[in-house]
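Per-chain residue numbering starts at 1, and chain names A, B, C, D, E and F are given in the order in which the chains are listed.
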Amino acid sequence: MIGRTIATYGISPLWVTLATVVAAPAIGGLLTGIDRKLTARLQNRVGPPIWQPFHDLVKLWSKERITVNQVQLLYVYAHLFLMIASLVGLMLGQDLLMIFFIFAFSSVSLILGGFSVRSPYSRIGSQREIMQLMAYEPVLVLMAIGIYLATGSFFVHEIITSGNPLLYSLPLVFAAYAVILVVKLRKSPFDLSTAVHHVHQEVVKGLLTEYSGPYLGLIELANWYELVFLLALGGLFWATSLWGALLAAAVLFLFQVVVDTVSARVTWAWMLKFVWTVGLGLAAINIVWLYM
Amino acid sequence: MFEMLRTVMQNLFSRPATRLYPKEQREPFPSARGHIESVIENCIFCGLCQKRCPADCIVVDRAGKDWNLDPYRCIICGVCVEVCPTKAIVMSTYFRKPARMREPLTYHQEERGRPPKAKPGQDPGEAKDQM
Amino acid sequence: MPGRTVIPFGPQHPVFPEPLQLRLTMEEERVIDAVPALGYMHRGIEQLAQTKDYAQNVFLMERVCGICSFMHALCYCQSVESLLGIEAPPRARFMRTIQAELGRLQSHYLWLGLVADACGFESLFMQAWRNREMIMDCQEAVSGSRVTISTCAIGGCRRDWDDGVLQELTRRLDDVERSMDAIAPVFFEDPLVKQRTVGAGIITKQEATLLGAVGPVARASGIVEDMRRLGYAAYDELDFKPVVETSCDSYARMIVRLRETFQAINLIRQALKKMPAGEVLNKWKGTPEGEAISRVEQPRGELMYYIRSNGGKNPERLRIRTPTLSNIPSLVKMLKGSRLSDVPVIALSIDSCISCTER
Amino acid sequence: MIDNVVPVTRETLLAEAQRLADGGQRLISATAIDQGEYLEILYHFDKDLKLTHLKLEVKPGEEVPSISRVYFCAFIPENELKDLFGINISNIVIDYQGKFFLEDEAPRTPLLKSKPPEQGDPREVAR
Amino acid sequence: MGFISTARVKSPWIMHFETGSCNGCAIEVFAALTPVYDLERFGILNTGNPKHADIMLVTGCVSFRAGRVLRNLYHQMPGPKAVVAIGVCALTGGIFHDCYNLAPGVDKVIPVDVYVPGCAARPEAIIAGTVMALDRLAGKAGPPNIAPGEPRRGLEEGRVVEIAPGNSDK
Amino acid sequence: MDAWPIALAILLPVATALLAYIFRIRAARVLAVVVMAAGLMVSALALAGRGSFTYTPESVLGLPIDTLITILDLALLGYLVWIGLSMRRLSVVLLAGLQLAGLGYLEFWLRGSTPAVLPAEPAMVIDRLAVTMNLIISGVGSLVVLFALPYMDEFERRQKAMKTRQPRFFLFLLLFLGAMNGLVFSNNLLWLYFFWEATTFSSFMLITHTGAREALANGLRALWMNLLGGLAFVLALIFLARNAHIVSLRALAGWPLAGWPGWRGLPPIGSSPDLLLLPMGLLCFAAFTKAAQFPFQTWLTGAMVAPTPVSALLHSSTMVKAAVYLIIRLAPAFRGTTLGILVAVIGGFTFMAASTTAIGQANGKRVLAYSTIANLGLIIAMAGINTPQALSAALLIIIFHAISKALLFICVGTIEHGIRTRDIEEMEGLFYKMPMTTIITVVAMTSMMLPPFGVLIGKWLAIEASVRFPLLLPFVVLGSALTVVFWSKWLGRILTVSYHRKFRLEKLPLLISASMLVLAAAVVVASFGIASVFDFLAAPVVRGQFGIAGVVTPRADLATGMGEFIPWPIFLLIVLVLLAIPISFSRVKPADIRPPYLCGENAGEKPGTSFYSARDEINLTRTGNYYVTGVFGEASINRWAYPIAVGLLLLMIGVIKP
């Protein structure tokens, strides 16, 4: 991980920031492409080429700029910038809790963007996104706490450099994280607030319904950053070796792709119940175990 | 979920079911109804096809020796092919390819035995040789 | 006080392949009122049929609905045949049965795919539709067209099949059954699919009768109602029992359709075995007179044609009562009290076919 | 060709429908036929594959009671009759006021062979 | 082709609207998305939302009500956009061209780029038509077709109804 | 003289109150209040500029102050008994009567029979904690009072009051300010008790201000709950006087319980320290009632019937803070004891339960009330565990919550007058009606839940502080996650911008917009300079107790040993995004604005909001927020929250049993 590199070699934070901002969308876009290709193959189809997301992005940016009101763009920028900020924070080895709060701010601005128009679908999507936020946020915070208990620090750069892989001490938290990863990426069975790719949703495209063209492109870009952020967070569980971190991230990535293909969408009430019992339960058990 | 997991895993390790349409084209079934074409030199302008066509897409101009077809209204039921006494209408097994303009076709019979001439739009013909 | 939500659900909506609007009034996501709005697909076929002659009307009736087009043609032909007092030859009756069941198969697979899609189960949708394509190939093999197959004619069938077609059909049926065996357990047992369908849109047996429910909707509520028992086409010579479930919810409707697909494969096999040789089309002449009613069991339920003729070239009145038309009242009832996320599942659970409904 | 036809009048229609409902009959549909002078309305019922019909004859513009209070599902064919034939059916449970299938631009009462009655057009009444 | 045109051509997102045919073509559009034809290998996604779509696939013979919807949807699509009319109903009304509740032909309501004939149009034909419509996105096509005659009416005023629970029973 | 700011802080509001009551002229009242506000701020700044000091006033107008306070105390309680009698509320009579008896016992019997209060203990101690509270009371409080001036005019216009009751209103509002300042300066527990009861009293008078039936009922509920706390307070006083001869807060807090090497205070007098657990617990109980902790939360939510300035001043930023102030004062004593953990758990539980309940509320003021209860719970929880970081978190939340919440109440009051409702559902499209108020409300709400604002940083610190306390941790984690939910819902509702409409700035009275703007600026500036705020106000308090600060501010941020929060990059980002506003506005042309997606059935003049449905009717579309009352409604929450809260209280009483 880059954070460790800074800690060890003292690379300037500016370079890390720049590298993150540039490299993350490339990785995120490619991963999205792989995701779509893999999903297609799992469904016995050929699927799009893996660089398809980049075509989509360029096309979206070249589309006519239409909006429902003048302020929609604001929320998209806030969402994107804060998402980048949380990823950069992670790469710079900052306080995990602070990163999570910035991350939450990013999600909230997307929610507000959905709310800002008088479109019922967009707003129902936002309401559901709030429910998703409510579901995963405590698990994220508990995860940070579990990591603190295991390593004695909230700083990512200290977490990386501390002794054993976190997986040894936090296996259940890792499992809980896998659950909320699916929630956060809005993949089936938790694709409640918006529809990914060609899924057909009762709320059309949920909170993205009213975003089109370049705005949608920016959100897509933010999604790539988000994907990289979440996978890097997963990599933290085996951060002692670069290969370990990549493996952990890859396992999470494949997990969510497969889960996405083999499950139907659930209702948000069920999601809340499931994440709060299984996700929180797993994390809590692990943390209680750490206390003992 | 586990039932589905088995299916998708089988899918992953088997060839996709996809027919790569423009690259590979499947031979149509022999009985396939693709589109109708006129063999205008056989036409006797009896008007039976016009009378029986459910979609009213054929207009036979006996005086002008024109056989007009609106291929963009034709429902390809094949009734005209069945009723034509001289087999002047044939059913092709290939579907008619998409077009940018929709204009009716007019087959004009110059003289018996001469090759047909389509006007004013070109007969879009078959999709096979296009893609 | 929770706020009230009023949304249009349709006419253009990703989960509806057809334009139907439901004006949903909800409290949070609980539907408290649903008003259907139709008229997006109304063409006026009943009026158009009065201007076309009896033979042309076969093709018109096929295009009442593209999914169950054969059933419309069959029902219309039967009604005219009964006006004329003629019957289709035995071979034609078996051919009609086979095509009716093929149509049922593709319609049910289509529906299973759509309901999987409505549940948000994309891969299941893909699998169901992949299987449907095999049936489409069968249809194309026997008729030359994928959708509106145009094989039925007054007095029998337009074209006979040769042995190659029949062998092809047998072979493909085996493939279909094999791949269906692989995904049927998902519909039956998958916990998430069950979670979405069990208990959604309950309509009891008493309600079902009063609401005029037909087809799988009625059969899922425990009503033994299957027009095939009338014995039209060759059904009187085949062995089958209507599929009936009693749990009255969307799950039951799904299971009814799923079991009917296997039943349909079985019926086709039976028919292929018993099919006699001989003529397929009885010629007819003259103009019919009087009135007649013909009913068949469409994939969606009972289809009724009422025809009245005064001896003219065209029918005087042709009334088409399609199954979805009868099931929409049930839909209105089911939607009240359901959740928004279940609206697609419930709306699809009557297998609405709007082009039938509005003609 | 069709049997079991019970003639009813506008007064006895509801009672007959109620009787059939009590007998467990299922309403299939209602069909109107324009006979020039009058309109013939057939209500089709079914029980155990056996059909029963109620036959009602109405003059143009006459008010017909709705049986949708007895059979909820009748609101669909009744709205249809209102649209396509301009039959003045009152008290439908969900009344679309002649805009069930047809919107303003479409011709009124397309299935009526004669000219529609001026005062009886439901869409005008609704305004 | 330029960089942007390439991206546009490689990533056409579609939406489908059915305006009142027999469903045959509508279902064939769906069939084109499924594994056997798999439109997604061209980068095509069925978005179901005009705001995200580049190409609108229209099937059906455009009843009056559906025409109103069609016009709204077209208005809500961001440019560059293309319309593909699928099936003879959408082209001319097909067998229904004489019906009373139609303005037969999509091009009577919105401009159409590509006509896909067929009753019903085969999935292959739909793919071919969609591919043809890419020219519009690449900026290579001429002006789209609009049928001559009076334009259909657009949005108009009507009565505003407040929803109360159960007002369907009035 | 050293003490003029103190005198000013306490007596100026009292004098202004009496003036406003006697001279019933609006102009005079406005002038007096404005002068008072200025005076209070000057005094607060003067106090803040000085170091810690003690002060013991001897007499006022020749009367010894002790005696004066005793007389006033008895009179107050007597009046409360009379209120109980006239309103026929037995509980009030009983509770006030018992207090009266207890106080009499304390003053007349006990004082004679035991040695006098240690002369070394000053009656008032002005340290940095008191200064912080004083700044909040005098700064935020004055602004709220200024806001109240135009607000009450509008309020009475809307109530169609024949005769103005404003003199009475300002009498109690300003009396309350004085009492509050007195409370935070007092070291003598008897004085503290008097001011405590005075806040209870003025709260009651202000809740019942309109005299409506609902207001009376809710006021009485608030009264008896607070009197219950008062009774506990008196009992604690009696116990302390009898067994420990302590009547000083500092002495009490200086007691090391459970063997902790305590504050450099006074030696114990002839009794075992464990005995102090009981009065400590009773005082905590009193604080719970005043801070409306579960199960006493209903009085605060009921108090929302009062005019909005009352809610802003009494029920969010100051009066309820008196309770947490008391607990923070006591915290050094019970640190590390079971009592401390229980206090923390009760606070944490309230934090979570109140946040949960807030999700189910559609009434704006009730949401604010529950959010207040939740934050008080968090402060109490932090005081309960009382580590350097926890104490820092508690102090930060006190400061930032006071500013943000007062601002929010002011905004909601303004909104209520603008759109005639406080229902969140009706606040849709507020941006068009009141753009300025909306923007300020957005700032206030954001500051309650999102980084980089102070309250959130306080929560961050709270989470890091409670990591080592597994009993408290789940509550804090869940509570802070749930907080985001109800704020975002509300924010989303007011931020909705309809399709195609012009808007212009609303006209607000000068005092309203001024107080709003000042508070909003305070929120932003204080959050941006959180490091300085912390260094100046909170760090000395923490250092005073622990010798170390626990939180350092190396890079204009807050850093604990385990983590660090750097707010300024986020500010930078926000500014960057805000810069995009003019760009986005200028780039959007009218032709680019298309109606929202309504399944293609957009209709009517405003195609964005209505659609064609059955019979081609045009329907307005709308979307309600989700409240999930089946889960988050008060009734369903109380079903499990009451038993748990009561159980926890019983547990606490069990622990403190001597």
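The rule we apply is simple: a residue touches a chain if its C-beta (ideal position, glycine included) is under 8 Å from a C-beta of that chain, and two chains touch if they have at least 3 such contacts.
All values reported here derive from a predicted model rather than from experimental measurement.
*Asks:* Going only through chains that touch each other, how many steps at minimum separate chain A from chain D?
*Replies:* Shortest path length, in steps: 2.
*Asks:* Going by the stated contact rule, which chains contact chain A and chain C alike?
*Replies:* B, E, F
*Asks:* Could you tell me which chains are in contact with chain A and with chain E alike?
*Replies:* Common neighbours, chain A/chain E: B, C, F.
*Asks:* Counting only C-beta pairs in contact, which pair of chains has the most of them?
*Replies:* Greatest count of contact pairs is found between chains A-F.
*Asks:* Going by CA means, which chain is nearest the middle of everything shown?
*Replies:* A
*Asks:* Let me check something: if the centre of a chain is the mean of its CA atoms, which chain is farthest from chain E?
*Replies:* Between chain E and every other chain, the largest centroid distance is to F.
*Asks:* Relative to chain B, which chain's C-alpha centre is the most remote?
*Replies:* With centres defined by C-alpha atoms, farthest from chain B sits F.
*Asks:* Centroid from C-alpha atoms only, then distance chain B to chain F, rounded to Å. What do you get?
*Replies:* 80
*Asks:* Starting from the mean Cα coordinates of chain B and chain C, work out the distance between those two points in Å.
*Replies:* Computed from C-alpha means, the inter-chain centre distance equals 28 Å.
*Asks:* With chain centres defined as C-alpha means, what is the inter-centre distance between chain D and chain F in Å?
*Replies:* Chain centres of chain D and chain F, defined by C-alpha means, are spaced 68 Å apart.
*Asks:* If you average the CA atoms of chain E and of chain F, how many Å lie between those two points?
*Replies:* Computed from C-alpha means, the inter-chain centre distance equals 59 Å.
*Asks:* Pull out every residue in chain D that's touching 2 or more other chains.
*Replies:* Touching at least two other chains: 94, 99-103, 110.
*Asks:* What positions in chain A touch 2 or more of the other chains?
*Replies:* As it turns out, chain A has residues touching two or more other chains at 40, 42-47, 64-66, 120-121, 124, 198, 200, 204, 209-210, 261-263.
*Asks:* Could you pull out the residues of chain E that touch at least 2 other chains?
*Replies:* Those would be 17, 34-36, 38, 41, 46-51, 65, 68-69, 73, 76, 94-95, 98, 100-101, 119, 122, 163, 168.
*Asks:* If I apply the definition of touch given earlier, which pairs of chains qualify?
*Replies:* After working through each pair, the chains in contact turn out to be A-B, A-C, A-E, A-F, B-C, B-E, C-D, C-E, C-F, D-E, D-F, E-F.
*Asks:* In the complex, go through chain D and note every residue touching chain F.
*Replies:* Residues 94, 96-97, 99-100, 103-104, 126 of chain D touch chain F in their complex.
*Asks:* Write out the stretch or stretches of chain F touching chain D in their complex.
*Replies:* Contacts found on chain F: 614-616.
*Asks:* Which residues of chain C touch chain A once you look at their complex with the stated criterion?
*Replies:* 5-9, 13-15, 29, 116-124, 126-127, 130, 190, 192-193, 195-196, 339-344
*Asks:* How about chain E: which of its residues touch chain D in the complex?
*Replies:* 64-65, 68, 100-101, 153, 168-170
*Asks:* Where on chain E is chain F touching in the complex?
*Replies:* The contact residues of chain E facing chain F are 17, 49-51, 65, 68-70, 72-73, 75-76, 155-163.
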